[in-house]
Each structure stands twice: as structure tokens, then as C-alpha cells.
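First, the structure itself, so that you have it in front of you.
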């Protein structure tokens, strides 16, 4: 799975898929790039953000309040516990000027796209979110 | 195929791909979530909506008027006739407060992500739209 | 790979993935549709455009100035040199009223979705961007 969009609903739903896959015994490898990578920077993970569509934003806020949606940070912890791997795209880190020591501890590795494609080429399902 | 975005052009183009695949003898299974799921609620299928980019919106309106683009409801009927399966994501239904009896009749089943991944893991092509 | 979004960061990052895959000896076939197709029209390839999120736009402009991001036209040339195939979706061309002679020379073929799916069904990784 490649996470590109920073939109709350996209990252959140991607993680729901990841958790379902992990629960079914699949391996899940995720690469975070562009807007999505910003969510791996400490204190940025759960920001609602400007990149979430306004109509969807209401649904998300409502879901968070009612406890139907879990915060992204919470979901990342759950997915990690189930074995999900998180890679941060090194090119995007340079671009966004994010340093390795600013990343949340759940990140497994800072990596390039080639290494990630190497893993993805053995995957049964590939998703670009 | 997972439909996430509510944008008219994304749902519409996804269905064009689905119909092409079905015509070639492939099986097509679709899961509708978030914004895209709203289009499965009766009377909502063909709404142009705020989530379609304004520049793209003009192209879509023009295409619909000229008959180059078919309405989404029309495309869903066509794809169903060719054998497409439509699943509505149960988590999103709770989130959007959409009840099963509000869904269009073309929906095959309300389902969870795990059941869908089970099907997707046998797919040759997986698309997240 | 199917390029749908016109957003500068999405097309740009998709091409980065393509180049990495090509460098690793994979074959890469790309279909350009909707907003993304507009970038295959001459003089339109590198436009920053309204479909790029404003927050992301700043990052892209900054990256281009610093030389961390290469212009899309530059990346297309690089990827073509490595063997990438570019197909322009014929349905979208009708819709956008773009004629074959307006396309950049890097386009290999104007084609339908069925032909592209035929190629994609043999792919190990499929991405919808």
C-alpha cells in the first residue's frame, strides 16, 4: 500500500483495510509519501487538515466524536501491533524538510521507492491511496 | 476495485474500466466506501456534487449533455447486466448513517472489508479509486 | 499504472515510481485519462494547475526551484528513455476535445481501456493514481 493523499478519510480508511488484512494473516507493507508522510511527523498524525474535503470533514469529525472512527495515531498503533510495516519515503522527506528524528516511533525505516517496489512486486494486492 | 472518492469523474471512469473488464470476460467486484458510498443511496447516484473538481465538473457536464458520458446510474445498470458485483461497506454505512433500505437495488450485499479482501486476494488487478 | 488525477504531485510521484520500476528491470505501461491526460497535450505538461492542493502546491513550487523535483516533462523524457510506454485514453480525448496531433511526441499510442486492461492483466503491480 502506498499512502499519498493527506486526506483524513483516505489515510484512515487505508489503515482500516490494513488492519483487516493483517487480521486475516496477510503481510502489510506501507510507504508514506507526500501529504500522507506529513502525518508521520510527530504531533501531525491526527490533524484534520486542509486536504480533507469539507463535506467529508464533517463526517470524520462526527465519527471521531461518536467513537465510530478511531484517530489515525490509534489506528497506526493497532496496525503495528498486528505486524504492519511502515516505510517513510526518503525523497519526500527531503522535499518536505522532515528529519528522521521528527518521525513517530512507529516508522520502521526510511527508504527509497526501489526498495519498496521490491517488496510490492511480491504482493497479491497493491493499493495506491 | 475499491471506490472511495465521491468525485463524478472518478466513479464514472472506474465504471468504464469495470465495463471494459466485464466485456473481456473478467469478474469485477466493487466495494463502495466513504464519499463513493453516498452514490449508492437512492436519489444520490447522479448528483454532480461538491467533491468533483470545478474544472473537471465543466467537462463532465459537457460530456453528459453531449451524451459522451453516461450518467453513473446508467453505467451501474449496464455493469450489473454484465455481471459486476457491488458491495457496500458496512462501517461507512454506520458512519454516514445510511440504512440498508435506502440503498439502490443494484447493491448485491452490505459487507465488511475482510470479506472483500478475501475476494480481492484472488484478483489479477486491484484498483483503489 | 493508470494516471487519472491532474494534480502535479500525483503525476510527478507516479513517474518517480515508474522510473524506479524501470531501473529495476520491470516493464511499465501507463494509461493517461481525465485530468492527467490534459498533461499529455503539448504545452500543458508542466502547468501547476488548479487541481493541485494549495498546500501541496507550495511544496511542489519549492521543490522545483531547489531542483529536488524535476518538471513532469523532464520526468516523462527520462522514463521514456528507460522504456516506459504511454497510452492516451481515446474516450477521454473525445471528452476533452484533444486531437491526436496535439499530443506530445512521447505518447506511444491512443488506445481504449480494453486494450490497456489486456496488458494490465499480466502485471505484478497495478496502481491507480
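Order as written gives the chain letters A, B and C; numbering starts at 1 within each chain.
Just so we're on the same page, a residue touches a chain if its C-beta (ideal position, glycine included) is under 8 Å from a C-beta of that chain, and two chains touch if they have at least 3 such contacts.
In this text, all values refer to a predicted model and were calculated from it rather than measured experimentally.
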Touching both chain B and chain C (chains): A
Type of chain A:chain B copy interface by residue overlap (half), same or different: different
Length of the line joining the C-alpha centres of chain A and chain B, rounded to whole Å: 24
Numbers and ranges of chain A residues touching at least 2 other chains: 126, 128
Chain C residues within the chain B interface of the complex: 2, 4, 6, 33-35, 50-51, 91, 94-96, 112-114, 117-118, 120-121, 123, 126, 128
Residue ranges of chain B touching chain C (in the complex, touch as defined): 9-10, 13, 16-17, 20-21, 23-24, 26, 53-56, 59, 62-63, 68-69, 124-129
